[in-house]
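Please see the structure below; I have some questions.
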Amino acid sequence: MPFPQAVPLKYTIDRENCLHFKTGKCLLCVKECTNKAIDHKMEDEVLDLKVGTIIVATGFQTYVPMKKGVYKYWEYENVITALELERLLNASGPTGGHLIRPSDQKTPRRVAFIQCVGSRNKKIDRNYCSRVCCMYAIKNAQIIKEHEPDTEITVYYNDIRAFGKGFEELYHRVREEFGVEFFRGRPAKLSENRETKSIMIRAEETLLNKITEREFDLIVLSVGLLPSEGSKRIGKTLGLSLSSDGFFAEAHPKLRPVDTATDGVFLAGCAQSPKDIPDSVAQAKAAASSAAAIMFSGKVKIEPLTVEVDESLCVGCGLCVEQCPYGAPELIQNEEGRTRARIIEALCHGCGTCAASCPQNAITAKQFTDEQICSELVAALSPSSQARTNGKKAEEGV
Amino acid sequence: MGEVERTFISGLKEELVEEKVIDESQLDPDFAKEIKKYGGKDVMTFLQCGNCTGVCPISLKIDYKTRSIIKYCQFGLKKYTLGTRWVCATCYRCYEHCPADINPAEVMIALRHIAVREGVIPPFIKVAATNLVRYGQSVKPDEEINKIRKELGLGDIHTFNPDFKKVLREISVLVHASKYDKLIGIEDEVKV
Amino acid sequence: MTPYAYFFGCVIPNRYPGVEYAVRWVCGKEGYDMDVKDVPDFSCCPVPGIFYSTDKETWLLLATRNLVLAQDERREILTVCNGCLTSLMKASEYLKDPKSMGKVNRVLAQVGKKYTGVPKKSEGKRKVFEPVSVRHYIEVMANDIGLEAIMAKAKRPLKNIKVAVHYGCHYLRPTESRTIDDPNNPVLLDKIVEACGATSVDYEDKLDCCGAGGGVRSHVVDLANSLTEDKCRNISAVGADCIVTGCPFCLLQFDNAQKAFSKDGIPVMHVSQFQALSMGIDPISLGFDTHHVSAHSLLRKLRGA
């Protein structure tokens, strides 16, 4: 087992250290396992699965502080990320839940949290708020205080975003009950005391309008969330687009937050945007039921407004195949043996991209034919309609 | 003034005269636009995180807070930016560390542009501009140094070269064309 | 080899002729024998702290005048000063915008000059122009000449010399349009110093400003000096024998300011002087007598070593 509370909570074989893989003998574990769950001969398999819908829940990865950045994560021992702190505070973690600092294994007396590391920073092209760092820092501050009530904790923040249910109350509690100090300002400089290995933070307390320098025993960087590494590849395979922050784009930010541009593919969790556990669960359930709804109805509703190809005009150039975002057109051989485009109506969304790009005008969008649009334009621009609009404007006093 | 007065009241009277409440009459909504015009881009997107103040070498020495100056610019509180325009060393550390990717040093430079146009011109600007027009250099040539140059086997400073007259004329023409001479008040030096 | 044009600026010829001598010596026959030419018509860059700060229009005109001279010579500008680098580089950047180029050219026509950029190649009738490139001495040495060549030429490696390197702000920042070096972790100057055989020591706040820039030295000398004092304190804390910088204005500031707060001071020199020393030049011709802080302590250590 990698560590207690690992997900999934299953034992694995450490191939590099297993005696069986080293010497070909041993196999003690196989004898002991009453469930016969161990098989040393298993190999990696690539499976082809035929599925009706796909839910993309590839999650996130955490930001790794810069090699030569301001926060000196790689240079100073006592600068750790929040994930490392999380392991230190975990009852089943390497220290059994005792908070120690890396340099001398002693319990730190003064701890500082630095917020917005790798989030809300245009310089490194991370403009978004990671949404979870404020709350996990507050939670961890509370846990530290519960373990070691004498610890002085300061949180260097820009804005505290405690927006969820009960979050604001927790924020108040750590200040009132636990006396955690909140310091509004982004640290400008960290420097290490060579002997004590404590770290001095210089920052402007922006509410006080004063520059302060304070020393801490342990610095915790509240690192933000990044899209997981393979996002681009999966996006390419499934025909999903990425939004500017690198996470998967949903079909509509307000009305279709779990759907994607590709039918039958749904998003859940941090693959779509950074979010906390309740939000991920909610989205996962939404994605699951959206997927189930299609699968159990047994039928798929499609857009009635598709496009048509006039075979007599089409020359089979294939431009529509390249342009279509849904992969609807395909090139086929007709009876005379000529290459022609055909639209797979089940895939077509009637967006009209192909109709607009067709050099032969062979494609028309149903209900949006040239005649229809032209007469609409004529009507809209005719003097009588102009007069009507003007009249309306005059009535409204524009 | 007695001991008690000095401890408890001194300075209070002056403070009473000062305006403590900023009302709308003090705000200049066009100030941010004016700053933008002179290259201080997007003052309005400031995060107010205070990183710029923290990294600023000047703000460690005197009462100068980069962040609050930008805040004053956002609001259009011109009078609070007056005293601090000329102490920025343009080291651009604030820009390098700014998470909002704005350039506070350029804002300071824009403020200087505005100051100069209001007639607030520190003497060193005039000196340097005069040197440029007279010698083609911002630093006044030094006879002593020229002697050392000759000892080292280097030629005369360009300025002492008779051919350099042509360059000086060109500089004068350019300075005059952009009306810089008038702006700084060195019309007498520029002969066109 | 790329042809260059010397651009010494104001401070070096008028205050530190030794630096000019060193640069010419290093680039000349005795050194790397580079193709560098003097352009006597170069004027002040002009100083970013004064002209860029008060009127960008005038600044751009005067800077473009210098760029035009280099463009007509078909040469890259080799600056020895961070201020000139920033000023000319920024101007070259501004002129990429056809609108501002046209505006500048309308005025420049009055003195019979026109900025187009350096013609690189022609595609049919259309010529392709590239902006005039502006290079810093440090960058040229490290990238074009190469550290191995520097090491090979260092006949008298400056062993046992501990050097505190000062890059100077405008060599590193702003990185809006360029990156010569990593602004958070610059290495080139350190590497040159190491290639000369000396040791570059790390000190606190290495990338901080010397205090002179932006007109601060001319306006509030005490403020500038107090910044320099901080730097010097950090430098002497690590026991450096001298300060090596790539910018004559930083050099001037370190040199002059140290009088204000210490008796002896740490010798300061330009990287070209340091290089020339390692290549075995006679220190007398480096013009150390024009420096306010005496370089004797360093030279004595050199002789002893």
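Every chain is named by a letter (A, B and C) in the order it is written, and numbering of its residues begins at 1.
As a working rule, a contact is a pair of C-beta atoms (placed from the backbone, for glycine too) under 8 Å apart; a residue touches a chain by one contact, two chains touch by 3 or more.
If you're wondering where the values come from, they're calculated on a predicted model, not measured in any experiment.
Chemist: Quick check on the contact network: minimum steps from chain B to chain C?
Modeler: The fewest steps needed to get from chain B to chain C is 1.
Chemist: Name the two chains that are joined by the greatest number of C-beta pairs in contact.
Modeler: The chain pair sharing the largest number of C-beta contacts is B-C.
Chemist: Look at all chain centres (mean of CA atoms) and spot the one farthest from the centre of chain C.
Modeler: The chain lying farthest from chain C is A.
Chemist: For chain B and chain C, what's the span in angstrom between their mean Cα positions?
Modeler: Averaging C-alpha atoms per chain gives centres 23 Å apart.
Chemist: Could you put a whole-Å number on the gap between the CA centroids of chain A and chain C?
Modeler: Whole-Å distance between the two chain centres: 46.
Chemist: Two-or-more-chain contact residues of chain C, please, as numbers and ranges.
Modeler: Residue numbers touching two or more other chains: 184.
Chemist: Mind pulling the residue numbers of chain A that touch at least two other chains?
Modeler: Within chain A, residues 70 contact more than one other chain.
Chemist: Please output the residue numbers of chain B that touch at least 2 other chains, ranges allowed.
Modeler: none
Chemist: How about chain C: which of its residues touch chain A in the complex?
Modeler: Those residues of chain C that touch chain A are 182, 184-185, 204.
Chemist: In their complex, what parts of chain B are in touch with chain C?
Modeler: Residues 38-39, 57-58, 61-62, 86-93, 95-96, 103, 105, 108-109, 112-113, 116, 121-122, 124-125, 127-129, 132, 136-142, 145, 148-149, 152-154, 157-158, 161, 163-164, 166-167, 169-171, 173-175, 177-178, 180, 183-184.
Chemist: In the complex formed with chain C, which residues of chain A make contact?
Modeler: My answer: residues 66-70, 191.
Chemist: For chain C, which residues are in contact with chain B within the complex?
Modeler: Listed in rising order, the residues of chain C that touch chain B are 10-11, 13-15, 17-18, 20-21, 24, 40-44, 46-58, 61-62, 65, 107-108, 110-111, 113, 169-170, 172-176, 183-184, 207-209, 211-216, 218-220, 223-224, 226-227, 230, 285, 287, 289-290.
Chemist: Sort out for me which residues of chain A touch chain B in the complex.
Modeler: Of all residues in chain A, those touching chain B are 70, 116, 120-123, 158, 184-189, 202-206, 209, 211.
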